[in-house]
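My questions will all concern the structure given below.
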Amino acid sequence: MDINIFTVFILAVFVGVEIITKVPPTLHTPLMSGSNAISGIAIVGAIISTKVGGELGTWLGFVAVILATVNVVGGFMVTDRMLKMFKKK
Amino acid sequence: MDINIFTVFILAVFVGVEIITKVPPTLHTPLMSGSNAISGIAIVGAIISTKVGGELGTWLGFVAVILATVNVVGGFMVTDRMLKMFKKK
Amino acid sequence: MINLDSILYVLSSILFIIGIKRLSHPKTARSGNFIASLGMLIAIITTLVSNSTVNLELIAIGIIIGSVIGAFFAIRVEMTQMPQMVAIFNGFGGIASALIAAAEFLNPSEPLLSFSLATISLSVFVGTLTFTGSFIAFGKLQGFISGQPIVFFGQQFLNAIIGISILGLSIYIVLDPEQINIFYLIIAASAIIGIGLTIPIGGADMPVVISLLNSYSGIAASSTGFVLNNNALIISGALVGASGLILTNIMCKGMNRSLANVIFGAVGLEQTTDSGSETKQINIKSYSTEEAAMIFDAAEKIIVVPGYGLAVAQAQHAVREVAEFLAKNGKTVLYAIHPVAGRMPGHMNVLLAEANIPYDQLKDLDEVNNEFEDCDVALVLGANDVVNPAARHDSSSPIYGMPILDVDKSRTVIINKRTMNTGFAGVQNELFGYDNSIMVFGDAKEMLQKLLKDLKEL
Amino acid sequence: MINLDSILYVLSSILFIIGIKRLSHPKTARSGNFIASLGMLIAIITTLVSNSTVNLELIAIGIIIGSVIGAFFAIRVEMTQMPQMVAIFNGFGGIASALIAAAEFLNPSEPLLSFSLATISLSVFVGTLTFTGSFIAFGKLQGFISGQPIVFFGQQFLNAIIGISILGLSIYIVLDPEQINIFYLIIAASAIIGIGLTIPIGGADMPVVISLLNSYSGIAASSTGFVLNNNALIISGALVGASGLILTNIMCKGMNRSLANVIFGAVGLEQTTDSGSETKQINIKSYSTEEAAMIFDAAEKIIVVPGYGLAVAQAQHAVREVAEFLAKNGKTVLYAIHPVAGRMPGHMNVLLAEANIPYDQLKDLDEVNNEFEDCDVALVLGANDVVNPAARHDSSSPIYGMPILDVDKSRTVIINKRTMNTGFAGVQNELFGYDNSIMVFGDAKEMLQKLLKDLKEL
Amino acid sequence: MKISVPRESVDSETRVAVTPYSVSELIKLGYEVCIQASAGDKSFISDDLFKKSGAKIIKSSAELLNDASIILKVASPSLDEISLLANKSVCISFFQPTIELDKVSAMQKSNITGMSMHLVPRTTLAQKMDALSSQANIAGYKAVLMGSTHMSVYMPLLMTAAGTIRPAKVLILGAGVAGLQAIATAKRLGAQVEAFDVRPEVKEQVESLGAKFVEVSSESDDGVGEGGYAKETSEDYKQKQQQLIKEHISRADMVITTALIPGRKAPILIGKDVVELMKPGSVIMDLAAENGGNCEITKKDELIIHDGVIIDGTSNVAATMPVHASELYAKNILALVKHMTKEKNLNFDMNDEIISGSTFTHHGSITHEPTNNIMKDS
Amino acid sequence: MKISVPRESVDSETRVAVTPYSVSELIKLGYEVCIQASAGDKSFISDDLFKKSGAKIIKSSAELLNDASIILKVASPSLDEISLLANKSVCISFFQPTIELDKVSAMQKSNITGMSMHLVPRTTLAQKMDALSSQANIAGYKAVLMGSTHMSVYMPLLMTAAGTIRPAKVLILGAGVAGLQAIATAKRLGAQVEAFDVRPEVKEQVESLGAKFVEVSSESDDGVGEGGYAKETSEDYKQKQQQLIKEHISRADMVITTALIPGRKAPILIGKDVVELMKPGSVIMDLAAENGGNCEITKKDELIIHDGVIIDGTSNVAATMPVHASELYAKNILALVKHMTKEKNLNFDMNDEIISGSTFTHHGSITHEPTNNIMKDS
């Protein structure tokens, strides 16, 4: 493994830590939900793993794609619904 | 150039942007001075460039080492003095 | 030299960063969510384009199925059930990471190095834990499982044992990757620990747990990124992992608990304070001003009930400042003046007049008592006897028969006093133990000043 | 696989991040500076150890010389001269980057790729610009050069021309690296533009400029990092570049100016407002409440001078809140009551009593007038005639002979009123144009509320 | 059942025991209400207004009283009035049974139930009927206004073109209901207010109104005997306290004394010698004048100037604010009558704490212990 | 040079033109100060105190006045006093030259320089000498206290066990110095205060004290004639205004009128009919009683009850607060004398705006135009 990949990780952690300072309580849930959708980035891995040689790997990848997609699509949509409601009020 | 080096740069910029949110006016100058000392990191480059083959490069590197050291040493010391004064008050 | 897909991955990471940042400000939140989803789209397209050997058909089917399921639930779920929905989605994300790592383990594209094996174990462990934990959270919120904390003797010890076992098994796997059974054992143990860590936590704390699990799923994604040597996964996973942890911390602080308290379970039990009185013990909930501020934030109609304690604290100006701030934010604020509040006739009038509180905001008992029913928050400041419901129904009470302010009829009653001591009449006040009552202890002036600060920081 | 020096570089970057973060909080600032210097030490040692072929002797000599010079100046410089010292240090840092890039260009360790050539040009450009710009800043602050903005016709145009030429020359160099003269031309042009961008800026704005140049030297270091393919330089440079820009922005906001305004020169001219009066024109300085808040932050003794405008604004409670906040922060706060302030005898007393301001803080003219001399800030709120120095010396003034509050004797006078209109006596007030006077326009109540907010946010 | 309200016979009594509002409420309770002609005049309530609210206006006292079940009054009934009252009737007024012994005997003999608003127990439930509080509150408020009218100086701090006026110093002795309201009112006017009371728990209440409580501070302990054995003897402490109060009195521009204990002689808080220490032009408002005064020099219902000090002995201060005084008193009385009424009928239950507590004669016997004791002694 | 201060001859005048402080200052200016025995008594300043400050106490008026260069008084000098004054002496007091024509003549004939505190120009520089302001301020303050003592209701809002007391409504007519201070004082006591004045610029000042300014709101324009030609005739507007004020008066618990213009008959602001609209028990404090009163019924220095409304015509309200009234007046006088003094000598410079403005007779001629005009007319 390249050292830079590690550097990248560390810096990303710092960005993650610094990025959030104050969040009004009303936004706690939407923010959680939104970043949950982002954690659906696993879909990228899922897509890649469908190419993994064996059958088993491919099928696992397939299931992972479905689940990750649920996470991504559902996550962003639910977040948007929450925030819409928020606006109305 | 590796893409990761570029990623690293981008992430570092983000960290730099996020790291500072609110600074009380009294700390403006010390913070500026302190981060100026950090920009003396050029000393690392200066050290490396003393090994650059030719005479000219080495001498340029030597001058760079001196100047960067002034920046680093002077910078940190002056910052500390400012902050000490700050404390007393 | 610089390949396009890497740049696009970095771009999507940047969009995630911007998205999360905007999500944490009310005005920009919706656009933040949109930007983040854009980042996701870019990441997916980049992956599809740059990995020519993937099974496109299968992926298309998977994405369609996933999208339909995700969209269906996202649209149909009721507002009140959103937290559990998020929990489920999060569980899916976590298990997806675990599956990818498993796939890589079971069908490695190239011989696995120790480092990869270690990260695979981590992915599987965290991903599975997230999955089961999220489902317990979902169950608790949805009512499938009791919302009460499930606690038993030696629970923490058991969790520790399982955790250590997983560590041991992971080391084993790294050293001997052929032991598939061990691998399955890791999965099973991770699933169990996910459950074990979640069940002791009460329903009220679930949002914090979900946030924590969300952070975990980020970690899972990031470690999967190490397995696949993919920057997009590493950065985004790290982002979510780190920011999720911070958010969890903020949420904990909002509830005046430490993160450790949540992680290591057995929280969520309501604080029980000895009333110090002879007869009855009442269970009270003690809140911080931050929490109180949040309750005010959600309220529309607020009735302030001043009592002798407000005068003792000389908090008349402080209460005006708070009330003015709330009114400026569009809330209705009234003052309910009990005829014998304080220690002399008209004590509260003198006090509030000094702070220049307009006469038309002051309501006497008759005017105000049926206002409590549609009142969101009754803020009782250093009053005690005049809001004691025993006066209405407990004929043995020395204050039985005195007309009181019916604060208990409002949605939430926030009571500020310094201690659990009694008032002038020397009787304990059962109101403090009511379900809709919340105590905020402290000197009235100091408490109001803190409250104002917290209200402004919301 | 993972080499130690890279880890150490990352470690030093982390220390820099922590250092900067701590530097931005008063309590942790000193430790932050220490942590950052530790990071620097680690980076230097790592470099020395991992680059076995460097000229250790030369480096040792260089470091010793540099340390002595740096330490000497750091210790000997007077407190008031620190900003210019920082400017010089910063210039040295910038030129060091430029020299390194130049060394790489003149004696490349391996054949230079276009990318390297581009980054070398960038390093040289930014580094040199920082150097000359910093020296101009130093000169202005030290008084070697006039602190007045030096502006001439077509200045911006000239700067643009030079900038574009540098870009052109850089492209030329990338395409044809053999053209050493072009390289020298870039250096010369960069030096000139550094001067060109700095001279039009007034002495008062120099801190902002230094902060900006500091950010530039970070960029120079970072691009040098790309030249040398060194993570430590890239990360730290980017950090300083980005955070420096943010700091510059914060400083600009504090002075109510935009960054563009500073970068593109010709700022620093004092705002001139037409007094609207018949005879004299007075130049006033109009400040925001944020700036006023900073002035209060540095003050120890504050005298509040209320006038009729305070009553009109009904700002009695607001002024008490501000005064209480200041007093809580350890400052001395007094109220100076002029005998005829307001529109009836005792008007101010009635007003301030309503806000419960303790009698012992109210001083009448005789008691307070010699207090102004050692007063840091006199805060004049909606008073006008009673602080008009013309009453002391201008025998033609209709108020000549009336005793006034000598607010002009205090270090700074902050005057709040809504407009430049006159007071009861209908005469313009020369105080507003005094050097130590600052106007903060707006309704007294609103202004005080904003001020309180800003004070709390400091 | 008939409730009768005679015109007050004492000339200085401006109050009346009912108002149009309370009349209509009493009627709702099932009573017939009769009011003597011009009973409300001094409280600016005309007979017409009473009539409109449903009362019957009766001219003659005899006609009014002889068949009344309940008689409502402010001041205690005169012997003449008592002689007109019917057997078993209930008469409610401000009555001081331990002092007005002859009237007690008369009522006892005529088998009249005598109730006094002075005796209403000060329990939570009885607060509505606490006429002592409602009237003392007026007294405290009004005392400040009257006193400040007597004063030859401003109350508040004023900084004017003709010089700075220092705020007046007002000292309140006795911080019961009247004292607390006096504190609040003097504070409102901008004076520097201090107060003292023998009950130490009152300190917090005084401070809750923003005034200073006068007390021997531990700093003034002379510094001697710090070893622990210095705990002051109670006598020593009291003397110091006396001294301290004397000092504060002599510096005050106005002193308001409120230590009035119904049925007993008021304690002397300000001796003649202390009055003579005071500045000429300063004022003493003695709210205990009714029972002899807290100041040695006070004469009931007289304005005395002694050595330049103005001493106001107005005894019935509440009566100077008849509209609100009557309104509040009538509400107190109404609450008491309501309490004694069950299903449109008088339910005089001597087991009830409030009723028995307020009663001093009932069924021909004296039910008030202290009065009984005094009667026996004499 | 000798400054003499006679004892005030008007019995109700409690003030005195000097205080021990001002005496010592006058002496510093180079004057000899003589004070008639017991001149300060009513302001609680004993002859002893005056003596200590350096004044000479003189018993006989003749001895005091016949060689005095400056005579300081509060009320205008009586004809007897004038007859005792020396040629060319300067006499300062509250003098209404347009009304007290006989005294003006006497002074003119005796070649006495007459100065009136009423005439001190209201310029910035003269603020220190502005006795009108310092005394009007007391009047405004005291009027509220006296009025509230007359009132039979509370001023503030009070929510008590015996019911809620609504705050009193106080209306101030004329918001000059006295009116503004009255507003402030009534506000302090917790009343709902409204004010009216003919000068529109006063609105801001009234509001700066937290009170409401009574004015015809544009909303009450009946809605007719919105086309633009609806601009109300001044007459129409005035009538509406009159009507509005009438309504406000009839609702008020206390009205304080302050439209007193020195030297002229006070305008009638409250007619008899309007008084009769008022609630019984309400109060009118007429601060213009001196010059006839702003209320039609007012009688100078009498307390009248008309149709249940109490009308207080106390004319010299400032005199009811002698200590501070004298202190402030003495400071005003001192400032004026200081202004007229140069190098320890009287420097009567008729080119000085303040001096000439305040003077009505000088060197045997009448220097006050309005007085001159009236003299000529009669």
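All chains are identified by letter, namely A, B, C, D, E and F, in their written order; residue positions are counted from 1 within each chain.
One rule holds in what follows: contacts are C-beta pairs under 8 Å (C-beta built on N, C-alpha and C of every residue); 3 or more make two chains touch, one makes a residue touch a chain.
Note that the structure is predicted; figures quoted are calculated from it, not measured.
S.K.: What chains touch chain D and also chain E?
M.R.: Touching chain D as well as chain E, we find C, F.
S.K.: If you tally the C-beta contacts, which comes out ahead, C-F or D-F?
M.R.: D-F
S.K.: Taking each chain's centre as the mean of its C-alpha atoms, which one ends up farthest from the centre of chain D?
M.R.: Comparing chain centres, E lies farthest from chain D.
S.K.: Copies chain E and chain F touch; is their interface built from the same residue numbers (over half shared) or different ones?
M.R.: same
S.K.: Centre to centre, using CA atoms, which chain is the farthest one from chain C?
M.R.: F
S.K.: Calculate how many whole Å lie between the centre of chain B and the centre of chain C, each centre taken as the average of the chain's C-alpha atoms.
M.R.: Those two chain centres are 41 Å apart.
S.K.: What whole-Å value do you get for the distance between chain A and chain B if each is reduced to the mean of its CA atoms?
M.R.: Their C-alpha centroids are separated by 35 Å.
S.K.: Take the average of all CA coordinates in chain B, do the same for chain F, and state the distance between these two points in whole angstrom.
M.R.: 76
S.K.: List, in ascending order, every residue of chain B touching at least 2 other chains.
M.R.: Chain B, residues with two or more chain partners: 1, 4-5, 7-8, 11-12, 14-15, 19, 21.
S.K.: So which bits of chain C are touching at least two other chains?
M.R.: As it turns out, chain C has residues touching two or more other chains at 1, 13, 17, 115, 231, 235, 339-340, 345-346, 350, 353-354, 356.
S.K.: Residue numbers in chain E touching 2 or more other chains?
M.R.: Touching at least two other chains: 127, 133-134, 137, 156, 158, 160-163, 165, 188, 190, 210.
S.K.: Which two-chain combinations qualify as touching?
M.R.: By the stated definition, chains touch in these pairs: A-B, A-C, A-D, B-C, B-D, C-D, C-E, C-F, D-E, D-F, E-F.
S.K.: Residues of chain F touching chain D in their complex?
M.R.: Listed in rising order, the residues are 123-125, 127, 133-134, 137, 177, 180-181, 184, 187-188, 204-205, 207-210.
S.K.: Name, in rising order, each residue of chain A that touches chain C in their complex.
M.R.: Residues 1, 5, 8-9, 12-17, 19-54, 56-58, 60-87.
S.K.: Can you name the residues of chain C that touch chain F in the complex?
M.R.: Within the complex, chain C touches chain F at residues 337-340, 345-346, 348-350, 353, 356, 359, 362, 364-365.
S.K.: Which residues of chain C touch chain B in their complex?
M.R.: Against chain B, the touching part of chain C is residues 1-3, 6-7, 10, 13-14, 17, 231, 235.
S.K.: Applying the document's contact rule, which stretches of chain A touch chain B when the two form their complex?
M.R.: It is residues 2, 4-5, 7-8, 11-12, 14-15, 18-19, 21 of chain A that touch chain B.
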